[in-house]
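First the structure, then my questions, so here it is.
Letters A, B, C and D mark the chains as written, and numbering starts fresh at 1 in each.
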């Protein structure tokens, strides 16, 4: 066998928590091999083990037949294994070129190389991997998420001589064209690629075989051509899921208006009028950087408006902080896109994370303990199908999907009738997605209103009562439910006249 | 913290200053220093005499060096209290070394640096190796060093070679030695900042996790930040011995809070990732100059503290205001 | 400021200097514009009663006629950092100070700047604490044998044997070291004396109280305490541990301690001892001496002769006498509780050297009404013995450095 | 919800991993370990002196650590919200001086003066908090500057000699015993209970922890991060003032430098007690343990017949040893070992 990487009975335990309990897989030279599994199945741990971030407790790894046991990222790179991490490992205040070359940027050991020369080398690297639109001397923190992701991937490509590990490489990419051409070039050179993604369609497009993980164990390796989506899902979750139903709510124009904006401006938003009725789910679509972020943050009170009005519950409101928004009847609660930085409190338990909403909105101080919090949190947790046994976990130890559920549960806990969600189902597994959709519909059925943005068109089509499309900071179109289709949204998102690209996804 | 909040509410204006702006941040404190110097000189014209300048520089130098050392640790996000212990220890060791002349001074320097580096390495091991919180680990080493200093010299005294006392605090070709040392440190830093090690130091301070995943050896970077710090503290103690011509087992105590105040005044962020040694040097010099300005202005001695405190706050506010202005201009 | 008057005063000062000081020192030539002597009072930190009393005495004297007309006194507080005091001394020299009367923060670190000040014609008078630079005048009791005399007094009280505590001052401080060495010189002669605990109390009541309490936890059966300043805290700790038992102890001059020594109730519980130690009055003596030298009324001393000993206050329990008025009169040496805090250091007065002072001087720096500066007695200056590391650098201590001066041993080892 | 939804089943299946939340969190273990260490130290101290290791030593330790515990509570809250309070020393002095000058040795007005003094101190804390939150001044600089200013004002107003006496009632309280135990030890007990409830078992404590854990998330979650941060500084200043009042009563008077001895130990107690200096994690019981550990250590050291240099070195080494033993890694390793052998 020409396996570039072979993994046998790999296991890893963090303290009392078993993350991997026995993984077997083999990646052939020049193959793109997918790893599939729900959040918490052990994919991230596998990535960490392969890239040298942590060391395994048991099992064996071999690279081109020789034992492979990297003690560090540098170690792994030395042996030709490199990783593009999901959480992006770029240092914010350094230039693109410096980040590309880390950790050994300068050619001289003691005498520093000039920044100009470093940037020149960085630019050469970028050119080599066909990245032409990102200046090598730009500071990373000034780049968009999509640009940063491409830098992350390019850096991994530049080090990958034997194995390239890509963990959710398309999470922020607007299209897969560049990525897939780079992957094909790498495999053409004999590099094995381990590809992790939640998007089955792209997995099918680029990968030949897939290994499915469940609960820290490898269930099996399959050739993707020979198995349908349902089959893969059943391997991932242990049974066959029911077919997805399109059960969007009927719009109810007569219902009470909970929220209105008039010529709302701020950030990239240049003036938007919208109204949100009780019982509807209003989707927001738009290409990256059209002001959707500003719109949701403004309505959620997480950003100060540059002009215009927000009318909540019939009265003009000054939403100067998320707290103010929550306390303005009938209550607005905002769930931001960045879970780690703006969402969770990682060392607090899930219950404490959820119950915090009660303390934030309820004016009176009170005594609490773990039990009280669990009781408080339980109902909201149920509404997002968060298993009660997770309530005692520190949130930092939960999978991304469960973290998202915790955030949504906290939002529900506030009792607000207006939910403002920014890409609520991004990067979560199928099961969690369904729970989130279910919660959203249920919330609207009970008379609440939801304003949500999604980077996935199918999601908008499936959930929205109507959909607002932003272009250049203004409302480009409002698409009613009956006219909702991915093609229609895409056309509007490109400013009416422009021709939609072939790719159906849009990014933040 | 508030900064983060303000920024997080408006992600599109989230632009941390890049390295160019970082370099400029030293300019701010230089500006504050210059303003203060102008005030001082206008009140006390004799401050411009060569002797007065030399004396001021000599007086400022130990704190400047100590602050420079502390900066290395703070830049990577750590905290180093051992400054007080290392300075006391090195100071008394120099005072009991029976050496003389330029060679003796060199021997003293060698011993001083060895001690500083050794204690710094212990700190580095405790923090980077054993993962003890930096503030706690260095508190313990500070106490141990203070004890050792007391063992070596029970009371102030001892002997410092005349070469250190006179030549190292004097001038060569009309340039004060202290100034030469300061310029050397600035040169060293502006070089170091551009090396991989220096870049890694800032990178670890900015985002420890990302730095680690980028292949930077975070532990190694942390470890050496403490070693650098120890070396600079030792140098501070060395120059302190030269200036005071004796050793004292409690010589380091005043440096504890002052060196951190100097670093903060220089605009280096506690928590890491932003700032630099040059800024800290001027932060320390500003603190020393403040003493002079207050004397020259004849502020009632009981209330000097009020003015001192207010100046510290205002200096930081001024720097923050300028940085804010720069940032909003960049965004606009 | 007109240049004319400045030049005039400079000429006058130069004239006075050359004619009267016989060239022993560079004449002070820079009085302030209005013809006053520019004197700096440089303090460590004004953080405890002792420091502020010492400073207040100088301030009161400077406001007493005729100094109120001839002296411009500027007070500078340098904190606890020798570097700051060096900087302030530099500034004073640059400002043309005629004299600096100062509590030096370090006995050694200031030498360079003091040396330079002397060269520029500034007189340096250190009180209580000292510098080893020979051109400065040190007015201090440190060499007067506090440690050995008080230790002998304690040994006498204990009959030559018992467990004792040493409540010391500040670690790494030369004064503390001198006192303790003197005391240990005595204690070592008595094999029956056992040092059960030795701790640093930073010359502070509260710290002494806490440290003594800790030591008492290990040794509740202590027989005596030898204390430096902060002694009143030791009494409180003893009472806290056992309200019915006190032990003989020696300490410094706080009013609280003196009152306790004289308290029959406490005596019955076992308190006995001596109050001695550092008198704030040293600052007043230093200031007056400096002024007399500046004004040419007294010959400056030659370098090497400038260590002046201030006599050791010595008040055994039976000698404590309450003052009726606001000064030490008729041999009284303590004040009633309602007049001053217990931490008040009583030895601010000296009827011979400083008759100008009253309680208001010590507490608030106010001159005594109607008082004028009296000349120091001709024999006021008493040379202090050499004490290496304290008042000289490369010197030998006299062989009888620990000779007893205040008390005789009543028990033999 | 109506009927089982596929999603619910999905996540239930997904939840069939064997991970369990640790029943006893590592924080709890760390706290217990500190108290264990204190007990070991006390027992071991018999070797130093036969009088040690008994009830009277424990009493002394509790009594003396009370002061440290009071101000370390405030320090702990400030550290919890990612700050640091260097003004503690000056605030202790302020509390002490206010209490001796205002009470002037009488019991009149004790009931309203103590709250008034605490309020004044809290207001100073509010000033620090405002500078830190609204003007983004680093806590280190802000609290240090406020400390210097307050100290300087105390110095100027008292002219260096604080006058007056604490109220006799307070003084008696510090000396009295209740059911055979010194009253301040009872006060300590009460304070520890209140502090533990406030920090660990109240909504306020949860909110402060959240702010310290992730300020940006706390803001988005609807907490007033700024107000909570200011509150932490106010509480810290009031606690320091409280310590000052009691210290003045303990030593029958105020001195200007009386707070200095508590600055570093207050930080040390918090950190040795297992709180993260980076904020967001910590328990008051741990801090109390840290304070007891430091006080016990110094009690033993003062009875040890060795020179000050060696004492100081020993102190540093014992603290270091405690830090090494109390690391998370040690507990994790023990846990893993236990699981494997069990």
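Going forward, contacts are C-beta pairs under 8 Å (C-beta built on N, C-alpha and C of every residue); 3 or more make two chains touch, one makes a residue touch a chain.
These figures come from a predicted structure and were not determined experimentally.
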With a step meaning a move to a chain it touches, how many steps does the shortest path from chain C to chain D take?
1
What shortest step count links chain B and chain C in the network of chain contacts?
1
Computed over C-alpha atoms, the centroid farthest from that of chain C is that of chain A
Quick one: report the Å distance separating chain A from chain D, using the average Cα coordinate of each chain.
40
Whole-Å gap between the CA centroids of chain A and chain C
73
CA centre of chain B versus CA centre of chain D: separation in Å?
29
List the centre-to-centre spacing of chain A and chain B in whole Å, with centres computed as mean CA coordinates.
42
Residue numbers of chain B (touch at least two other chains)
8-9, 149-150, 154, 302, 304
Touching at least 2 other chains, the residues of chain A are 302, 341-342
Residue ranges of chain C touching at least 2 other chains are 46, 77, 171
Can you name every chain pair that touches?
A-B, A-D, B-C, B-D, C-D
Chain B partner contacts - residues on chain D that touch it in the complex:
81-82, 86, 131-142, 144-149, 151-153, 155-156, 159-160, 215-216, 219-220, 225-226, 229, 264, 267-268, 271-272, 276-277, 307-317, 319-320, 323-324, 327-329
Given the complex with chain A, which residues does chain B contribute to the contact?
8-19, 22, 191, 194-196, 198-200, 202-203, 206-207, 209-217, 273-274
Chain B-touching residues of chain A, taken from the complex the two chains share
53, 72-74, 77, 83, 85, 87-95, 98-99, 102-106, 108-113, 115, 139, 141-142, 155, 267-268, 293-294, 297, 302-304, 341-342
Quick check: in the complex, which residue numbers of chain C touch chain D?
45-49, 51-53, 55-56, 77, 171, 195-200, 202, 204-207, 209-211, 213-221, 233, 236, 239-240, 243, 256, 341-344, 363-365
Over in the complex, which chain C residues touch chain B? Could you list them?
43, 46, 74-77, 79-84, 86-88, 90-91, 94-95, 106-113, 170-174, 176-177, 388-389
